[in-house]
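Just so it is clear, A, B and C label the chains in written order, and each chain counts residues from 1 on its own.
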Amino acid sequence: MADFFQQVVSGLASGGVYGALALAIVLIHRATGVINFAQGEMATFSTYIAWTLTTNHGFSYWPAFAVTLLVSFVGGVGIHQAVIRPVERGPQIRVVIITIGLLLLINGLMTWIWSGEVRSVPSPFPTRTIDVGGVAISVQDIGTIAVCLVSVAVLWAFFQFTKVGLALRAAAVNPAEARLVGVRVPWMLGLGWGLAAVLGAIAGMLTAPSVFLDPNMMQAVLIYAFAAAVLGGIDSPVGAVVGGLMLGVGLNLLGVYVGFVGSDLRLPAALLVILVVLLVRPAGLFGKPQVKKV
Amino acid sequence: MSRATLRTLLLFAVLAVTAFALPAFLSDFRAQQFAYVAIYLVALIGLNILTGYTRQISLGHGAFMAIGGYTTAILMADHGVKDIVTIPLAIIVAGAAGVLFGLPAARLSGLYLALATFAIAVATPAVIKKFEGFTGGGSGINLFGTPELTASLTPVKIIGFDVNFNNWLYYLSWTVALIGYVIAWLILRGRTGRAFRAVRDSETAAVSSGISLTRTKVLAFGISAAYAGAAGALFAIATTFVNPDTFPVALSIFLLVGVVVSGLGSLTGLIVGAVFIQFMPLWAQSVSKSPGAPAVVYGVILILLILALPGGASGLISRVLQLTRRGQNFPKP
Amino acid sequence: MSALLELRDVEARYGPVQALRGVSIEVPEGSVVAVLGANGAGKTTTLRAVSGTVRRSGEILLAGKPLRGGPEAVAKAGIAHVPEGRGTFTALSVVENLRLGAYTRRDRSVKADIERMADYFPWISDRGAQTAGTLSGGEQQMLALARALMGRPRLLLLDEPSLGLAPLIVREIFRIVRELNEKEGLTVLVVEQDARIALNASATAYVLEVGKVAVSGSSAELRDHEAVRRSYLGY
């Protein structure tokens, strides 16, 4: 039983990370109708920035974290304005290829700048465990869950209560009408990309301590994030987070209690989730079913 | 015979002659590289039908190549089937897989299909590794030196000439590519091709004309998978070895890139696309030796191409042709 | 009364199609001006030309100064455009729609203004949290109007407010427009297919035909002029 709870908690921690990255994907999809295949690489790049700040420039963890978020934000806005804006209105395949191009470009850039060497990244949270009702829970897991929840809450507050957040939501659903009330839509969409990059950076920095940092660190996480976003509903921010948590816990339990799946088939299991959801209920758990009858 | 058909036949003839004459002028190493161009061309012809004609985006066609490649490898290594004979079998197996996947895939649109196929590409190596009794798991299947592999140990005799492995591979691949080109052309000219184009231009209109959307899309998937299977079989023969890393995610990505670079919907640009896939990484590597630089160059070129050339290589070709023909509009083959 | 808005020889096209072929319109400050005409005459395009939603040539002056730029700049200049089909943010709530209307404002009385809207649209105070998409057509039109007013505009562009609405509701909407004009001095340029109700609500009217002004004059005269009514307004 203790084992079960441990798996659930660590599942929530990894699920929180999936949810954060999934939220980034949903954010971009809602704002610009694009699925950003480079989201994982962007997150890894941000993590490298944090790493280099702490290792080579003497920053301590949380200041490096903050600076990384800022840099990631600017990077996200920049990428949108430079390469996404010209193609976001056209055929979807062009945008897909652009994000794929970004995937290759950013991945290569990381290998070029920092080499493919695997690096260890210290965690801001102590690696000990605490005793909760006889069960040993990792402090790192709790810390991860906390950071994810806080980030999501801050983002939610931004969208619900601020003028800019409202403008972004408006720009995402009705860009033409948003312009009529004076909203600078292209910049709002850029803002969406910036915020998504921040979420990705958070996901990356939370992942690195457990899996070690290398250019391909987030590739699997990206698939899990896709699965979470699809499960929750690709346009639903709530869905992304809930989907992530469900997926994290589900995959953990599946891996432990179904021997066949183990850790080998974790990725294919996520793939199965994607396929099944898209076929059975494409809108996901929280999305609104779209009627497209032919 | 219409002007467009005549032009296509001419182009084809030129291509065929060039393909068969080329090895005489090439080193052994180059011959192998151009053999790979043919292999990618086969896969691209199929993917082009899927993406260019029925607008279904697949980021997972490397998986169908893997199916073809592993079919060939297993048949050769475990069942003593001659390499050429495995090719049609690989086509059938991969094609069947394509139809099977096409059935649910037909219900997914655009980005969601891209997402699902991307996940397939990422998950395929793990699945291959898991079923190791069948696939040889992580260590893969070695074909080098097996008697079923033509010309691997001793040169084969073709029309009295001694042909070594690389040249044999070259001729085999280009023969398959040219046959595949002709078959695709015939398919696209006929009723099926018209149905594909109807679906591409307007799904609503196609359905109201009585075309079964699902059947058309599934058929396109099956055909494209069959082509990928053929390419995979050739790939296995060419590399003489298959393991889960022979068909990585990058392959699926590069295939789609090749189709987009070639310009969707036109057979002539596909050769440009195949050349791009084969030679771009090499050229990128020559720009800078540091690891990671090739990927950077590749990514940059890709982005610039999409931003600058919406029609891809075919678009560029037809625009140039329009200029040289003084404004006459030629239909694409 | 000086002209708040002036269009001088404005041309506009959608690709190869020329929608406006030199339209000149004057909207005096504090008045209601109607733009009438058949489908495709260029009425909506006229409003789009003003709000910068479509590319145009020719001069457009706001209070004597040239009006330039896209919709964002035009909104900042104090022009509120209620587009065809109302343009409500259907996924957002009623209150959020209103807040968006005040987007370009930097003052602090936005909240007070939302409450003021209840004077003209009493049902708004009860339904603030309701999703705008679930409102009836008439309510959405009124919400769109309220949203436009939230920006405290100098000029209101109203595009086919009667579209898809029952006559009773249309009358109510035009009554509100007239009240806004009389009480708050709001200048209104309204485009309408329903010539009768538009002429009743406006002081001057322009009738467009294939992108040009065919007839213009005081609404009262146009209303009584039978030949004009028959050939241009269909009744």
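The definition used in the following text is that a residue touches a chain if its C-beta (ideal position, glycine included) is under 8 Å from a C-beta of that chain, and two chains touch if they have at least 3 such contacts.
A quick note: this is a predicted structure, and the numbers were derived from the prediction, not measured.
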{"item": "Reference chain A; chain at largest CA-centroid distance", "value": "C"}
{"item": "Contact pairs, highest-scoring chain pair", "value": "A-B"}
{"item": "Innermost chain, taking as reference the mean of every protein Cα atom displayed", "value": "A"}
{"item": "Intercentroid distance (Cα basis), chain C paired with chain A, Å", "value": "43"}
{"item": "Rounded Å distance, chain B centre to chain C centre (Cα mean)", "value": "56"}
{"item": "Centroid distance [mean C-alpha coordinates] between chain B and chain A, Å", "value": "33"}
{"item": "Residues of chain B that touch chain A when the two form their complex", "value": "51, 55, 57, 59, 104, 107-112, 114-116, 118-120, 122-123, 126-127, 129-130, 203-204, 207, 213, 249, 253, 256-257, 260, 264, 290-300, 302-303, 306-307, 310"}
{"item": "Chain C-facing residues of chain A, complex", "value": "163, 166-167, 169-170, 173-174, 176-184"}
{"item": "Chain A contact footprint on chain C (complex, rising order)", "value": "51, 53, 70-72, 75-76, 80-81, 83, 87-92, 96, 99-101, 103-104, 147, 151"}
{"item": "Interface residues, chain A side, partner chain B - complex", "value": "29, 34-35, 37, 83, 86-87, 90, 92-94, 96-98, 100-113, 115-116, 215, 219-220, 223, 226-227, 230, 234, 264-268, 270-271, 274-275, 278-279, 282, 292, 294"}
